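Next, two complexes with chain A in common: one pairs it with chain B, the other with chain C.
And now, the complex of A and B:
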């Protein structure tokens, strides 16, 4: 087996202790379910001095009700979210997306916070140290060239989380703890369209809660995912849609988000602008598909091709809109 | 013992034909089975291998001094320590465990480190300095064959490992008599076995100068020979033990660098050394199915009779010969022996390239040509307005014939396979009648049930089994066979139990330890049930005859009138007269001590093929037959294929253990499914494998599995043990064209390159739409 790099493990009992560790140690990685981090550690993509194992913090687990939101603790497992009757009822898009992450054992380990914070992926990056060294590394780690867009200085590694696009359609935000205290950030402002920076989370910060507005409760939702093997694979293209029609059959609310086709999950707000207040027609579906395809900019970061991934985005948008709005 | 096959058609079996749980299954399920990597010896060191980042380069300098200075590093070896060339074939001695002078693929072994921990060994690799001088890299067969001066191996001009040109009958005459002749070119990517357990070896060179190696292998005997040669040791000083093995599928059929390097490092340090490959290293060790092009031309009369077949095929075999010569020969030889074809011409090329070496993989050599053939057969049938299943039935061989290329066919259950598979699948009601997007297809296949010729020429038996029975009443079966999960130990135990009239739990199998067990050539070419099964049967008959002599004295009867059953020995015509097995055993022990018997199996010379160049590969001591029918759905909007169900009718002669037969057939379906739809080992333009992991190399998982219905066809082979033939490989090659033909039935497009990806289907569908518009 590929060996692990050496590090010290820190196991805080509560959030404030976790934040203390975060403030104290610079070269540190946060471990929740470990299904992303451990593989990346073995590949020497990270060689931290410390690993902050937050699994033992009880406060960060489970689903709670607040004034205007439902709050999901960052350590809540994907299995729990996908099977929770309450979530299935009021936020079906999230339950569906969580239920399509990898396979059952990874969903048992993997957490919602970890899934949001997935590292971006590229087949020139998710490789062993020997492999990466053999082709002189890449921009994202240890090198200064991009194999996907040679000559470029921008990292195209694809964001490959399933739950983030679902949460974007629900207008979710996240609560972040840091040495200064707490802050809340809209999820759409969390992500950055850059395969290296990925998101706005400082090295001394952790996500503690995911907040979903009550206003989004009861929206119909679909999550559609293209992958080679339904048994385990990451998405190669994914579409989350939440919305509803009014009594007259006009679109009252609609929100479409894409994943795995850009360095960040992204809302296609133009589709919302186009459809709200209208009855869905074939023409509007066609226009929506075009808008989604234009937003999707998959690069040669996976074994599936760019045109096919973009094609699947279109297929999913069409299917999803028809399921929700017709 | 003389080779006398089962004479009667007796079917009153007690153990044979009954589904039995694998005798080694519980340990696997409980997690207590000991695999090579589980072995930990006192003072054991860990080895790691430095590999080449270049596809083709001269090694100018290797400096290990920085690595050697790392605390915990105990020894480092390089190519100068491994000068002796070896290889599985006598004509392919082209490998050294570590590269000498130059590297010829990305991932080739350059140096090996032994250290007190795996982490230190891995860190040390990064401290070894190697200077290279780059050479032109040939990353596909065309580029390699076009080379003019610098070759990968100096003794392989134009980088051609071997070419064969076979011509049987008169193909031109056959084509002239055809009502339809079609030709096309098919292409196949490189695929790999993806056995769950990676290669792993633990070597212990002890103070007496004896080397013991525990290694994950399908062929302990060939590893024994390979190690003795590579290490220049007398074979009696080398002991090879095969522990539990987590799958092979052809990928563990020869000596690997982990075997040689762990041995050398152990000798240098005086400590045991373990080397277990990472998954990525398994992709570099490879030995999988080659990238291959197949140009095929097939003729048919309007009644469906096949007239002629011409195949030209080129295999990109990677950096070493490995089994490559055998692979290319199988591609040609097994065009025959499935159907009755008078005219066959074959041009085959095995080419050396700067990629990891290919080797044998389930259905060795036959799969890609069989795909091309079975798809072309459907195209001809459809072109002539015939039912593809009927066309197959029109071209049946007869049992006990010799083919045009001198293969001896004995039992032949293919006709029944096609009939049963079509009947069970509702073929007649479905073919060409399902709605657009749903389809059904058929594919046929066959495989040798044991290669009639050994890799090592000579008249040595291919399988040997010895048996010992002592006062405890347990029967020890000593066999050199390599259980790799397919059930060889269980089947030999069943055979011995049946012959001695004992329950299965009375038998214990001691296997694959070169100091203890007799030689068996190994688990390849689907040979074990047939050959070792016969050897086990002959050995059991030997001890039985000894026991019957004593029983005969007690019973006052002649031995030929006695039978063994239910732990008793009966007078066959008067069942009232009997003694217990134990009484007979004690009588034998009192008379002459421990009861010991042996059996050996050598293929009959008439099975060993013709006299032309390359005739040695293709002959089997028997052939298994298989027909697959696939029911698929194709989404015309996405091109995605869902295989709903696969029916496989497989002729395994006699199913000694139906449960194990079903398991093997299902495994073949899954492996075929992977090659058909998903699997492909992809390289960067520099020759680096892009997807060396089980996440990115897309073997199907359980969710991708269709329903599988296995239909066992029993042709009762005249020479197989109790009539048995192989079940492990034969079905695979039929599954893939069955899926392709079903895709055509569903949406009307032919895909000529594997895997059949959604994108390829969409592309063909768009072409189809464009053409319909034109009309």
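And now, the complex of A and C:
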């Protein structure tokens, strides 16, 4: 039987109290909705001494309007985001991606900040301590080899969040609080192409808000994902696209991001360079599909095969571009 | 830590480890064993309960996050007499081994609270997070549909 190890829990009431705890305690893990973390704690994938439960911080919930941005509090749930009429209207790609995370119960619990910070996933890693031990563990936690690419010292665990690619296509950034104050970071600079490091967030930092520029409002959006069980699973390949055509039917703006096929979600900027200013033709679709397939580097980290996941990336890019630009 | 809970309209105070899962607190400390553990990983929905009106998987909720909350478990769906929804599950033979049923009832109740007249598609979506290994879902969907009709009449 798997039991929950013991932790000391800290429950700050506001951000400044949270930051005080972050400054004081080194070995600490943030808990938001818990839908990813609780399983990972039980499997001893994270072994902190302290758990910082930020769920009770009221200021971190809900959607606000600033001068050039809309700000989404890190604790806003995926249900709220996927059903919010305003988000559905101005940032449809985000509402669709949030609505396709897991199943309804998990969307009620899962927060957007937790979704962005989702741990990378691999068949050899997302297992109980006992299971991992029987395979001598792996590089990502407790071991020193990678079962996916045995010679290497690099972890290929796949980033498997759904909202991050959508937010990348909207040019979002995140606000981070730490003991020194506050900073804002473009989401594309947050992620790191490394299954172990994952993202640029120090252990004494928390995400407080997600900022989406007003300039991205009104773009059409699609989000498509392939998963084993369509009702509740993580993506094994996912594509987010936001864009629009001008009056003449030429592509005015387009942004394509992939998830679940690399250790980080990625924007395929080459597709933007290729398509902006042009009318979508079959030839351009084919070229875009090739660019996306080249960017996707799925590895044997799941039970589904690598060629199939890469193939689905191509299928989704084709479908999505045709829906938005034709 | 000491945690205050209102479960099925009754107040409880329990002394527990803060990261203990709500599922375990319900079953072990409160003695309400209607809520089941299927997977313990958020994948099956057998452990579904209402917390402050929204349905969550209690195997993913550390009890420290529920201090002061109002919780409804499957035991809270009926008052001595079975609810129309529960009766419909019996009438349709919607349960086989039964382990998914408490979660199915909670998910179905959440749907009917918001949408008293759902389509079959909406029903399937509402129970998307609830896995049933036995029934093939048809009879569960039938039962929820019949309960919805009974609500109207």
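Basically, the second predicted complex is superposed on the first by the 325 of 326 C-alpha atoms of A that agree within 3 Å, B and C clash if a C-alpha of one lies under 4 Å from a C-alpha of the other, contacts with A are read in each partner's own complex, and residues count from 1 in each chain.
To be clear about the criterion, a residue touches a chain if its C-beta (ideal position, glycine included) is under 8 Å from a C-beta of that chain, and two chains touch if they have at least 3 such contacts.
Computed from a predicted structure; not experimentally measured.
**Q** Look at A:108 in the shared chain and tell me whether it touches chain B only, chain C only, both, or neither; answer first, second, both or neither.
**A** second
**Q** First (chain B), second (chain C), both or neither: which does A:130 touch?
**A** The answer is first: A:130 touches chain B but not chain C.
**Q** Looking at A:67, would you say it contacts chain B, chain C, both, or neither? Reply first, second, both or neither.
**A** neither
**Q** Taking the superposition on A as described, I'd like to know which of chain B and chain C A:2 touches: first, second, both or neither.
**A** After superposing on A, A:2 lies in contact with both chain B and chain C.
**Q** Counting only touches as set out at the top, which of chain B and chain C does A:34 meet: first, second, both, neither?
**A** In the superposition, A:34 contacts chain C only.
**Q** Check the residue A:315 against both partner chains and state whether it touches chain B (first), chain C (second), both, or neither.
**A** Once the two structures are laid over each other on A, A:315 reaches chain B alone.
**Q** Taking the superposition as given, does A:303 touch the first partner, chain B, the second, chain C, both, or neither?
**A** Once the two structures are laid over each other on A, A:303 reaches chain B alone.
**Q** Jot down the residues of chain A that show up as touching in both complexes, chain B in one and chain C in the other.
**A** 2, 4, 6, 103, 231-232.
**Q** Touching residues of chain A toward chain B in the complex: what are they?
**A** 1-4, 6, 103, 123, 127-131, 133-135, 147, 226, 228-233, 303-305, 307-308, 311-312, 315
**Q** List the residues on chain C that touch chain A in their complex, please.
**A** Against chain A, chain C makes touches at 1, 17-21, 24, 40-43, 45, 48, 54-57, 59-62, 64-65, 107, 125-126, 128-131.
**Q** Taking the touch rule as given, give the residues of chain A at its contact with chain C in the complex, in rising order.
**A** So the residues of chain A touching chain C come out as 2, 4-7, 9, 11, 31, 34-35, 38-39, 41-42, 51, 53, 55-56, 79, 102-106, 108-109, 231-232.
**Q** Chain A touches which residues of chain B in the complex?
**A** Answer in residue numbers: 51, 53, 106, 118-119, 122, 125-126, 276, 278, 280, 637-638, 678, 680, 682, 684, 686, 688, 690-692, 695-696, 698, 700-704, 758-759, 762.
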